[in-house]
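Here the structure comes first, spelled out in structure tokens, and everything after it is commentary.
Chain IDs A, B, C, D and E follow the sequence of writing; residue 1 opens each chain.
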């Protein structure tokens, strides 16, 4: 669980860690220098009968507001839906563990329950590795008996293979007469939910927001920022660069956050902490069968990805 | 239940209690004095060929509108989803109590039903304590038999441990032949819902809105407010501080509300009244088994947290 | 069912009934007179070197747009969710009546089915009375056998008590061998839905939109309207009051609608017609068991609460 | 299924059919003539010291944007929810037909299955007639055996009566030992969905968007359009009427669409094609039991209601 | 699965592939030349006492923002809902395959399980062909036994016919005593979901956003862009065409994207990759029964439709 510091309005103005500023500082410096140039050569510019004024920016601003507003909402929705899917993963694996313990016709600490819970944990890690396209083998070997780990490792869709294994576990319970068809469908209902979670994550990973949106927004933002000094220089004079940089900070900053948030399973600063969440699921499931959770190095840094 | 006073448009203009004004008054005073300084030294400012005018503020305003609009909606959604989860907690514990009473094969006032209902109440309080990171022991000891209270107390995820205990209660009913597998899955369905509620609250608690959003908004608001006097002073003269403070009241006020609402399980003025809601659940569940609810000191203050 | 008149664009400009105008007319008159005063004394005002112009209003306008847009959406969502909950109440009581008729193992017109349907109707009225904090006794006595009506009347959460009674009805059907556990859970599923409906209504009733939002919006609206004449007088002269009143009509009108809509279970003009809906549920359920519905005085007035 | 022509950006500028222009042309002509008058008498107007300028329109524009944005979204949501409900009707009747064919313990082409499917089709038409307040008798007599058609015809809530009949069909299947309680509840689950669909449509039909919203928006739109020539005449001179008509086209056009969309079960040009959808449900259900669908005159006109 | 290149802010400014620019370049050139003409003849224009200025554009801009914002959101919702439906198709076919393997009372590699999985794959392709109105016969013949392929091919609603076939498969399993009614309803639950998916896709295909919306937006966008040079020429002189083209790029570009996104089952550049998704479903289902997936030519081009 994350400990949040009380928002302090004064400190929030000057904090550096977690700020998007460090990502866009070079770009802002370039923009600042460019604005200075514009101010310096403004007389020459008007000599060429090129007269700039702020009016057109209002009209581009409308387009910009629609683009930024839309893409920001769509990206955040992806981020939050991804988070909800991982939340549902936590809830459903807990529910399945509870079902195995209280409805499987087995003592709480039996070997079968333990292996069922390990299947759930392996499922979680397998999903994480699939989404990050990392190597699942070490986690599979740690959590599963050897032949199964090897078999699963050869599959392209490893979480689906493990879901089938969970189904076999329940089938065996039925074949051994420990549960009946009713209880089997109660498990099966939660397997459906797990299947929806896997597919939901694959959907978010595999279908980004249509690319032309990103291009259209990105280009409009930069065209806007680099034209703005021309629009402000007449009225604002030497203070122009200050305002241009302020506007640039807001728009470029938002553009950067959106790009990070949009694909929530990556490894950028504001992506989902899949490592932490997997470990949390592991520890709560193990606690349910009275087993200690492995200790991991605590990730102190709240806003950086695990 | 909360008694609401009819909205009186005149009184709402001058009411002090519940207003955000008292939180931001010092900041507004500072902003007011700063604006006065700007008005006083405006001649000196223009002497330095620094000419301010309102035009750039329109452009920053677009960014501000997007930020404030987004963060406000996202925060309120978190607040309202948290409220819905606690509403679902009320509904589902009531449903489970009804199931225990009418489907458990037991007389309405039997000891088993009473202990089941107490488990549900303990579950509610355990969740509250987990979300507020307060000590659950007194409530657990009050509601549960001693050994169970001690066992639950040692768990990190106490509500999940109690959910398992609820599952054991149903298993025992089945083993004693009072219910069959069908009825067991009817209970189990609601246990799944409780598991979703716990995980949903943990999700809201553990995953704030990405921090850069807050920083970006916060800084843009304050930069905007403190630059505004320069933008207005030419046209508005001595009336400038009035408008600056009015704009500051609106923007800083919204910024403060958003910060409170965003993490709805805290103890700030507009956070959720988890204490009141827990007691309400306790009293309605006890009424269902014809037991009196313990009397708590009535919380007269509607808009302050319990 | 409501008969709606075709929208006629011309008549809609002048219709009085149902308009919000009559609620805010006095306030608009005061605003008009105030604007006239400002126009009359504009020379004196500028003598004091207080120069107003429209620029600052653009900036306050941004805040206002965010506040109004948000609070309007949030209030309408509450209104529409409340309506959906009462729609779900209609659907679910119909489904339960259908289940009692076709799955209860009883003839269609048996006494037990009739008493089950009366329990559903009593549940509906009990919920209405709880939400409006009115006296449920007459309706309970009309619909339930005397001892039960008295018992329910003593409970704080009457709909929940009736839900338990519905559960007892099903338990008896099972104990008498008319239904099995499967059919019992089919009923129970719909009881869960009813429990969600009760809790959903209690949530909307008990948790208003955080009060500071209302205050912040309300005050910004009135500050904006009363400062506006100063901003317009220079450019618009004697036509100023017309525009101020038009802006005031739009903003104050929206503020009033929002306040009514926000708490949809009240008795203000645009709140939900709970009486009509309760009677509609009563008549459709009675029709299902071939009983005539009691006749109520028809409520001719569409837009006034029942 | 509807064949859509590829959007051609040039032709879309000049197409007449399906355009809202023909509905508002007279109003735009009046607005145009009024604007011409304003331009003609502009000197006289300023003689009366009534000076108009565009500034106040910016402020009313904020209100207008909120109103139009909100009402447009709310109306489209109603339209789209109504469409989803009719989509769910298609899905659920198909599911029920599949259940009757594969789970009813009957041969695929048995008389009972045929009569079940006809009940589903009659249900669809009965709902359509209820929503449009047209006469259901011809369709009922076409689809149902005579006594049943007569009985249903006397009910106020005909779809609900047919839902009960569907329940009786399933009860009979159970009484004849063809299905057990499990399969009965599988049917019953889909009956619940049908009940939700009926109630959902009744909700949209019976509860319009609160009337004051429509009035407030409608009046603000017309006040805005008819005051606009005064605001533009100073700067734009003889080109004023062109702009006023363009703004009027956009705002009045949106106002008209919103009014049509808002009540999606009507007979206005953009309302839902309930006839087409009913026939589509009829033909797909009949295809499932290998019966030919009756041929209807094809409705060529895509954008006009059936 | 799609490999996404890291967003590079610099390269994104100049990338050509995937940009909407190539679609609207001719229109932008025409707009540019038109603007040049306006600048060239500006003196003649003012001689006719036709004075343009930027003010009216602000008012049309409000309407434009509402239209673009609404239509963009509505179109993207359609796109994303369509994607979710195809995601649910993946999840549910996987769940059904898992049920057939672990609950069907058959060995994992039995002929019946294989034919069930082929039915699911045929269902997927049949839906794809229905949505794109292409010929399903080759895929049906490839996946189904000959007589069935021929029978399905004669149906108008092929996926529904296959759903019935899936139902027969389960009925046979029950008639052969391999499963009981409980397990049958577990399959049936997922058949209901498939039925909802088919109907959901048909709804999006068959009911576009009301056409007048598209016309109103489209015309306002083009009227706006072609009037804009008149509004800017006075203040901006020879720089006017640059700004007009920038505004035109933003608005026309968004208009084009919206038109593509709105009907997500088509073959335009940003429509859904139904081919890829069908093949992905085929390969994951075959992997579940340990069969190799057919190899298809890899589609390298991320943003072009398959």
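Following the convention adopted for this analysis, a residue touches a chain if its C-beta (ideal position, glycine included) is under 8 Å from a C-beta of that chain, and two chains touch if they have at least 3 such contacts.
This structure is a prediction, so every number in the text was calculated from the model and none was measured.
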Chain copies touching (chain B, chain C) - same or different residues, decided at half shared: different
Interchain centroid distance [CA atoms averaged], chain A/chain E, Å: 23
Distance from chain D to chain A - Cα centre to Cα centre, in angstrom: 38
For chain B, residues contacting two or more additional chains: 58, 64-65, 69, 182, 185
Chain-level touch network, classified as line, ring, star, complete or other: ring
Residues of chain B defined as touching chain A within the complex: 27, 49-53, 55-56, 58-60, 62-67, 69-70, 74, 133, 155-157, 160-161, 163-164, 167-168, 170-171, 181-182, 184-185, 188-189, 191-192, 195-196, 198-200, 202-203, 205-208, 210-216, 218-220, 222-223, 227, 255-256, 259, 263
Residues of chain B that touch chain C when the two form their complex: 1-2, 4, 7, 9, 12-13, 15, 18-20, 54, 57-58, 61, 64-65, 68-69, 72-73, 76, 79, 83-84, 87-88, 90-92, 94-95, 98-99, 101-103, 179-180, 182-183, 185-186, 190, 228, 232, 235-239, 243, 246-247, 249-251, 253-254, 257, 260-261, 270, 272, 283-284, 287-288, 302-303
